[in-house]
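Let me begin by presenting the structure, written as structure tokens, before commenting on it.
Labels for the chains are A, B, C and D, by order of writing; each one numbers its residues from 1.
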């Protein structure tokens, strides 16, 4: 069997997203990864993730019918586990190598032992996580998930007079880049077999899996967008400004959209679109990246929290602290200072979210205000505290407006790009 | 153009020799420059803004600005001033490598820009020379009020002319001034013809990047001179030839004959990356058909000509009519008219950090012009001569996004047209 | 004359530094110096901890004057507070008697201070609230490149073709760096590029003062040999119109400059105020 | 009531007006004066006498660091000072709807262009750009300004529905002469005994004076002055400084406090410089418009807003002010991106330093929220003046 499809890839400054559309324009698969030093790799990974996702969607119906929803979920998690283990294995090799090279003399051996111990512990944790019924949420990205475990274990294992925490963390920091940028085999066919074995190789799903493996996904068109779009290996006419993609993507998700706010990692865009999703005006932040998504990333790092935990924490605030400076790089410092002044974490966080949204409000005002309907896109739309701050400010300043947020909001640009791909193929 | 280069080089050489030849030197500003009057006293004009922009184009402004900042100037203020002050501190070698003479007089025509006043107060500290102040009232209500005109004439008569008489040792000669004004008119006519040639498709000129060269002589030392007249005649011939051949302007990397977008631009250009900046437009097939910056030294295309019959009054009108001396309503009207008359696809604002006179209010201009014309506006930010504020990637991204939007709207518009 | 013992506490945004000094007839001697990174801990706790370590190490039983500087204004047991530039200037002179200016570069700020031979602040210049070219920025980049703090300097020294890091915003500059990595620019060249942009910024700060021939480096970044080299090169390339380029003087103890200066000014005030009850006594 | 109580009551009253972002004082005045109108003016100098003579309440529009900026930023790029953002925010949120007219003096190009924006945004309000006389020649300048004042006089009269007779104008001038006198006394007392008149309090009082009309201001200012003259406070060992450069966009109150707490007494400043723009009394004889014009042309304070015809004027200005206030040093505190203040600074600072006056300079914004930088600088400044005295 062969399915015609169209791909849109949004090379963002923090995350890279891909969307696969089928012939009718329905979303077949979504893929996301963290943007990294090698743009091409990032685009490949997110694209390949989108195809993995597409294939899982293809086998969804058959597997669910044959074996039930739980088996499908189980298979998916097994697949993810296999991918993680493959990357972990590579990380292990590289860190051992780096330890031998970077850490001299008598510390070399204990360093290698510490690496072995950390990797073994992470491996065990991953396996344990797999058997949990409902594991807690965490970042989907290998870098973040393994990074936080590594850091935690390194603190436990570090010896101030021997192999220190900094050394161990240094090894990780150095090698993770290579892991991310190597073309590791992580695709559907690479791991679906082992994943099946891991869940006991249930015979009733074989046909479904077989079909999914055999289906050809024929790409008829592909468009790239986003911050790093110039670096995508696409011809110029297949590259679209992210402004247009966000406008079109948002207007496709919610047909009534007139105003779009996109907050990504490094930039914020306020876009006005007409009924066809065509951009009529836009504004983006100037050279200062203050108050963008990355700001929250730094804050999360500083607090040792996952990004997804920030919003809920901020929502527990009872008193919003007024924050003036939103220099992204200094976010951590601002937080420390406020904490040292005795402010509560929740309240500071609420203030930070409000500060970000205030900047966004200015851009919106610049681009022509907020019109019904208003769609919030980009990664920060996943953050409930950001959303409620925005909602409050919009209501205060523009009255009641419909505020749309799609669970796919982070994919809006990629969706727009995929639609462009589909349009130009037709 | 070669003639222009020669004219400029010659002028700077003459300035360098001024201390020996005894020709008095008058520093003054582009907007509200009284070149004919200055020349009629046998004085040579120096325009510090032109020096600053030339320094920017020749890659010297960064150091000059650093020098001025070292002497206590803030990062926040107009970089023309700092570039000029830095140049003075660094030995006052002009852009073409010749030494600039000290001013015998600072003629401060306070026209459309607050910074002018401080600039010459600063230069007065440097040179310890006389400074004569010509207060040109702003067109707050969008008109030149008769009392204001009278006030300017009075100042020219009672303050400016005596100051010029003093440094030149000559008496005011109204006939000589009239003759010069007549030369001005000829050049003004030709300039307007050249600027309006952009109404053609394809446009034979770029009315922003190209026009800054075209307005150079008339905005600076050559209005009211035979050289100026000759230059504009030659320019007109050249443009006529391109027009006849159906050719576009020549951008840094080659001719721009295939013009996909016709734009109107508001705001001054960036000088430090001038060619790169222009080429970004050319790469996308964008030609500028009208710009407001080319009107800072006079809004001739709106009909103003120097009037030899009323020499002092006409100078007052000239000063008060320079672009930045107009209120926002007038500036908006002007842009709307350009968009219509030049059949443009949209307009773009290059907002420079240096210049409050231009920049404060541009976001409102953007919105109003969009509202009135229904045409898309774009906004980019840079600076005049401070290279630190030119971010090529950022500008390129905005420009590209903007032009893609223009294109999408064109396509969308035609789809709508088909549907109905 | 009696011996005087003073302590200087410098609370920075990244670390707390404490020195204990003894003055015999006005001649200072360092008894102990301890620094500890704050690393997300409560500042008061860190101060208490470092103070305890420093006093234990010094072996003294009582301290006559506890002087704070930096963000240490609210430390309850302090006798007096001096402002950062006052103390850095004095501390610099203690460590490098020929110093004519201080470049204090830390995680969040940089400032250049020109002083006279007595430690009087003549002029200063500081960076704004923007992180471009700050230590924090370098730290983030190093982290991204997988380079530990101690390695930054030596790596930067190995650069052969430094890559200029454009952009005013540190966040966008990070993206620049990501780009460089993807273009295969070596870590050394990237770090050196960042050092160059930082040293350009620092040199601008310094040049806007009359900084004299010897620039003492203090703050965390003084330990970064790559930055010091870049700064030296920057000045050498400038060909100062008058005389040779200034000497950049880092010092192994430079992170203690603020604390030392505070302790020394503390002794000065103590002498002026006359004997008072000791500010601190061993428990 | 004790003196301390009177004084803190006045300060509290003023502070309430300062903190209020809704201009309640103005609205209350309008309610209390049915049929009358209010006319706003931007910094720095506007002829309040003319507004008052038209029976209108003169309302100083100074911006604020406390208002959240949403629409204001939509009109201004990042490299323009903060003041017009908060002003536009006030206006766009309807908080200035009670004004019938607004005057925009020629302080700088930002305010100048704001006048054009106002014309477009609020077509129903009377808007006038006031080109202050920038001329070396007093006769020409005074004549120009007199004509401008005549226009304003006539047109505000029209807006207010009142004929602004000479008698009315003279009355207003007399009242404002009293206002100027009491402000001079307050400033003199602070310079004499800065511990008696903390700048924070003086500033709040001045700020309230911009919104309540001259009559109410005079009453409160007199109460405060009497109380402050005799309400003895502890004298601290602080350095006497002049703050200059903050004539238009105002520093946040926290900055004023920070400077004083870091060991400085502010003994002279140019906060809200408009209310001290005319240095002497305006003549009550003769044609009142001419008197006002002459007062400005011949008696304006030396400021960055006006052209300085005297070549030595900039050089000597700080020296003279320091001598008059017996200050130890000068702090140049300008709003970020403020052209008038920042372009003047090198000249003023040069002059001061040549006269051996210690100086420091920094920039603020009306919404600056973190004061460590300022504390550090003001602190080091006072440290060094204190530790080294005259050396």
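As a convention for this text, a contact is a pair of C-beta atoms (placed from the backbone, for glycine too) under 8 Å apart; a residue touches a chain by one contact, two chains touch by 3 or more.
Being a predicted model, the structure only gives us computed values, none of them experimental.
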Exercise for review: Find the chain most remote from chain A, comparing centres computed as mean CA coordinates.
Suggested key: D
Study note, to complete from the structure: Check: interface with higher C-beta contact count, A-D vs A-B, is A-B
Exercise for review: Let me have the rounded angstrom distance from the C-alpha centre of chain A over to the C-alpha centre of chain D, please.
Suggested key: 52
**Study point:** Distance from chain B to chain A - Cα centre to Cα centre, in angstrom
**Key:** 49
Revision key, fill the gap. dist(centroid_CA(chain C), centroid_CA(chain D)) in Å evaluates to 40
Check your understanding: Do you know which chain C residues sit against two or more other chains?
Key -> 129, 167-168
Check your understanding: Counting only residues that touch at least 2 other chains, which ones in chain B make the list?
Key -> 72, 363, 381, 391
**Study point:** Of all residues in chain D, the ones touching two or more other chains
**Key:** 74-75, 77, 370
Exercise for review: Answer with line, ring, star, complete or other to describe the graph linking chains that touch.
Suggested key: complete
Review point. Can you list the residues on chain C that touch chain B in the complex?
Key: 166-168, 204, 207-208
Revision key, fill the gap. Chain A residues touching chain D in their complex are 286, 288, 322-325, 358-359, 361-363, 365-366, 393, 397
**Study point:** Touch list for chain B against partner chain D, complex
**Key:** 71-74, 76-78, 81, 108, 110, 113-115, 117-119, 121-122, 124-125, 128, 131-133, 135, 137-138, 140-141, 147, 151, 154-155, 158-159, 327-329, 331-332, 351, 353, 356-357, 359-364, 368, 381
**Study point:** For the chain C and chain A complex, residues of the former touching the latter
**Key:** 13, 38, 40, 42-43, 107-108, 129-131, 134, 136-137, 140, 143-149, 151, 167-172, 175, 178-179, 181-182
Exercise for review: Flag every residue of chain D that touches chain A in the complex, lowest number first.
Suggested key: 68-75, 77-78, 367-370
